[in-house]
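Going by the order they are written in, the chains are A, B, C and D; count residues from 1 in each one.
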């Protein structure tokens, strides 16, 4: 179902009303940046800092004279952690507000809810969140880390730290968890290990007593836990409460993204292994300067997390693309971004990968310590090789699929 | 002799250790009018509920015009052409008199016919002035009368009434008696009743219940004169 | 229930035509479309609860089933006509089976509520746990929490390339609602509808009059589910994605709130309640001063306390007081308060 | 052997937590025929009260067992005076109003505490059984549930208030004839029920992270447990929590937690279909 195959049922001009008329001239004064994020509801711990980061980036750009001499104007909608509202507000942004770019979406479910709308209406879309990888669509740019950038280094490192080959996977039961679990299986096998068991948990499961007993029966050397959300946080508490934390080490691809390490006590969290492209505890001049700017705008920077920083990068990447293209026109901006634009910021350099529209980023291997993330090792400029293996928008620009790892 | 329209054979109903109806054998012929009397807890109401399908007897059978209706639901029994009225007025309080009676008529007739039947019944029961009033606003006697209308409009061949005269004024009772007599021209009727005066005015044969079983069955005058009945029933009541 | 069906038809056509002309000038058609769909969903519960006395805590189950049926069938078939029909039939059949189980088991009020609630929860949990690749129906992956995106959307029957979307889709939905509204009106005027109201009023009496209450409640329940299923299919077309959230308790709660606020025992009340509250929720999403869950909760509490009959009946009696030929007497008052007690008794 | 002991403990824990979750709702439903759909939020507020108190330096057990029940009980009292009082005898209306209250409290808590998951650590260390580590806190929950049931029984059987309560459970007008104002009794009952909800929420808080929407996870379970239990307070709670706890844990261990939850729900449907008046509507009649 590609765009050119679509033959829309025409509606008469009278019926179409004002919404379909050409945009009024005065709107050309500002460039409209659409934002669609959960800033209330159960995902707002992710969404609120992302919204703040987006506005921080926009204010910085406006303060420096805007883009192409025009100011940016933010059109933001709060989706209230309700997937149904995503499609509604996406239509609002694209058809009514006619924004020039949309940043947003948090859960993969929300991205998939609006991606086709963006594509259909030819609205450039930035998804600035760590995810399961594989989205191949020339209209979208994803700058979050994908399994090959993160799990590929996290898994062998954690196995080495744990000193064993048997891995037990606990994953969130939706496509992020399902796909990540398969990547984990691949990386464990590549490292010469074995996944003894994989359990999936819907996002509302909060009681892990039986699971903890099952894990002990399987007696693995390492637990990998791509668990998501507040309910799943109880696993780490119950795990520590049963006294298992110091017996079997834990690694996670998601814990800490919403600053969960600050919710867990040191007794519950210390030693858990993670890998991200950003942590607020990175002690680099760029990050310290960024945190100061954040503090100046919002005060306390303790809510900052990787997703917020990715959003900050996303806005700057897009702005740079517009400058280079010399216009906000969709195809021109995409072409400019495909030249491999790179942006420097608090987490180092983010470079657009022209083939996949994903980003090449630095990844840090870290351990929780005293409610902070301690950097153990930094890996420079890791490309999104998982998506690269299946997606090539240069040779196949009409592609519109999310590829999944086949095992 | 006319055909037997209602018969129970060894009907027994137990609740835990209590036997509320004990081996009741009962026969009713077409167009017969029978009153069931007895003190509170004698088993009249249990018997009534077993016959109407509201309860299923522990043992024994119920036959209606030859059908074994022992395990039937009330609506199946009513569909045979049996009119039933419970002890407390049970009507559709938020609907009008007309709507109430129409609903009963509609069960056995197509819509147009039901309209006609409804109008006829309202006329017959002299409910015309209040036909468009909701049942909830009516006086007790009027509600009882409407409920009798619900029973009558289906042209039943068997009518089962549980205390139809309870709580009614003398005038209402009189009107009620008239309606029952009229019904009796085409239907056999069973009436569970306390009010002796009402029974005298309406019944010939009565069945006396005592401790779940049938004590005697005879003409009303002989029953009234019977010392044993006076003892268990009238004596207690006095 | 006065006046004739033909008067209903004329009034509905005129009001629909006026609204079709005016509303798009005030609110975007895309938003209007979902308000119309929610209106239909509200009507589905309003029918079985307001006129049949069946309080279903799981109306969202049928809504979700309709949406999922449509999505799965549309992916496998690639044309929208048959999926639309299936989206009405599947929830109706499901409801018939569920209803038969409940009504033939003589379950009433609270117990009915628990069962419908539990069934919704089961569907919700099941749909949420279908993320794995093993959950496939034909070509359609169930998708778990993420739901199913990218299915064939509504097209002109017989021509899968001719999509109906945007403004045209709004008109389709609005006309569909008008038709469903007329069908519901006709149903309520028919013997079946009048008997259903009788059953709502007094189940025992109706069964003593020879009506099979269980069968009739089952049929009515199933009819409500069919309407909810249609609304679900329209919703799937509108959002272009279906997710397990359609089955959530919150969704079921909202439908009940719509009916209460709009007014039970009326046809218009649940529709207006649904559209109005959904629009309020949409507006609240654009402000950050007060948490909007708090406001929705407050609305519900205040309505139960001060306007338990809902907006539409209140407006009707206000109209009668102000302009009616006969003044609103004690009779009406008495009748209403009794009505309320019965409803809650 | 060790594993079967672990499974046994997990089952007892599941039963105990269902008892705790259901207790507050059962008291209010049994005495007043009011179904409090804000019950889950009362539990959630119990959790927040505990966390806040612990944050202020209060001993965690004092916070859980005394402060949280008191605070939630007082909230319940206010709710009863402002809302529930006007709706007695209107079952569906109270359900709807309390549903509204539940949304209200979710919104209010979000505005006060934000939406981030918070929590406290379990105050009891885990210990080893053979080759297995067990969460020591499970035992605490089992003990609390047992004490709670004994406490309710003792109050009902031996105290004057219990006598009145038993009367009120049988016939609502009974208490009035004994010379007690039903208004006062209802107020006291709602206070107790709310306090029990607060206690349950507080005691369960260390195991699960808390967000303002946490209550939703409890209310369905509580509702099902209480309705399936039927009219008897203690026997009903015990029997239905027993059935559901065991069923869900068996399936959790055998297959997965999701199947465990679904099994619980299906068990509820079957149970209610077979025993429409709840377990104690059929068995243990007349027990407390």
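Definition applied: a residue touches a chain if its C-beta (ideal position, glycine included) is under 8 Å from a C-beta of that chain, and two chains touch if they have at least 3 such contacts.
If you're wondering where the values come from, they're calculated on a predicted model, not measured in any experiment.
J.: Whose Cα centre is nearest the centre of all Cα atoms in view?
T.: Answer for the innermost chain: C.
J.: Go through B-C and C-D and name the pair with more C-beta contacts between its chains.
T.: When C-D is set beside B-C, the one with more contacts is C-D.
J.: What whole-Å value do you get for the distance between chain B and chain C if each is reduced to the mean of its CA atoms?
T.: 42
J.: When the centre of a chain is set as the mean of its C-alpha atoms, what distance in Å lies between chain A and chain B?
T.: Result: the chain centres lie 75 Å from each other.
J.: I'd like the Å distance between the centres of chain B and chain D, where a centre is the mean of that chain's Cα atoms.
T.: 48
J.: Taking each chain's centre as its mean C-alpha position, how far apart are chain C and chain D in Å?
T.: A distance of 32 Å separates the two centres.
J.: Please list all residues of chain D that touch 2 or more other chains.
T.: Correct list: 110, 258, 261.
J.: Name the residues of chain A that each touch 2 or more other chains.
T.: In chain A, 40, 173, 200, 202, 204 touch at least two other chains.
J.: Multi-chain contacts in chain B: which residues touch at least two other chains?
T.: In chain B, no residue touches two or more other chains.
J.: If each protein chain is taken as a node and each touching pair as an edge, is the resulting graph a line, ring, star, complete or other?
T.: If you draw each chain as a dot and join those that touch, the picture is no line, ring, star or complete graph.
J.: Which chain pairs here would you call touching?
T.: Contacting pairs: A-C, A-D, B-C, C-D.
J.: Can you list the residues on chain D that touch chain C in the complex?
T.: The contact residues of chain D facing chain C are 35, 83, 86-87, 89-93, 95-97, 99-108, 110-111, 216, 220, 223-224, 227-228, 258, 261-262, 265-266, 268-269, 272-273, 276.
J.: Can you tell me which positions in chain C touch chain D when the two form their complex?
T.: So the residues of chain C touching chain D come out as 55, 101-102, 105-107, 109-111, 113-115, 117-119, 121-122, 125-126, 128-129, 249-250, 253, 256-257, 260, 290-305, 308, 340-341, 343-345.
J.: Which chain A residues qualify as touching chain C in the complex?
T.: Of all residues in chain A, those touching chain C are 1, 5-9, 11, 15-17, 19-20, 39-40, 77-80, 82-85, 87-89, 91-92, 95-96, 107-109, 112-113, 115-117, 173-175, 177-178, 200, 202-204, 404.
J.: Considering only the defined contacts, which chain C positions touch chain B in the complex?
T.: 191, 194-195, 197-198, 201-202, 204-213, 331, 334-335, 338-339, 342
J.: Give every residue of chain B touching chain C within the complex, in rising order.
T.: Interface residues on chain B, with respect to chain C: 52, 73-76, 78-79, 84-86, 90-95, 99-100, 102-104, 106-108, 111, 133-134, 136-137, 150, 154.
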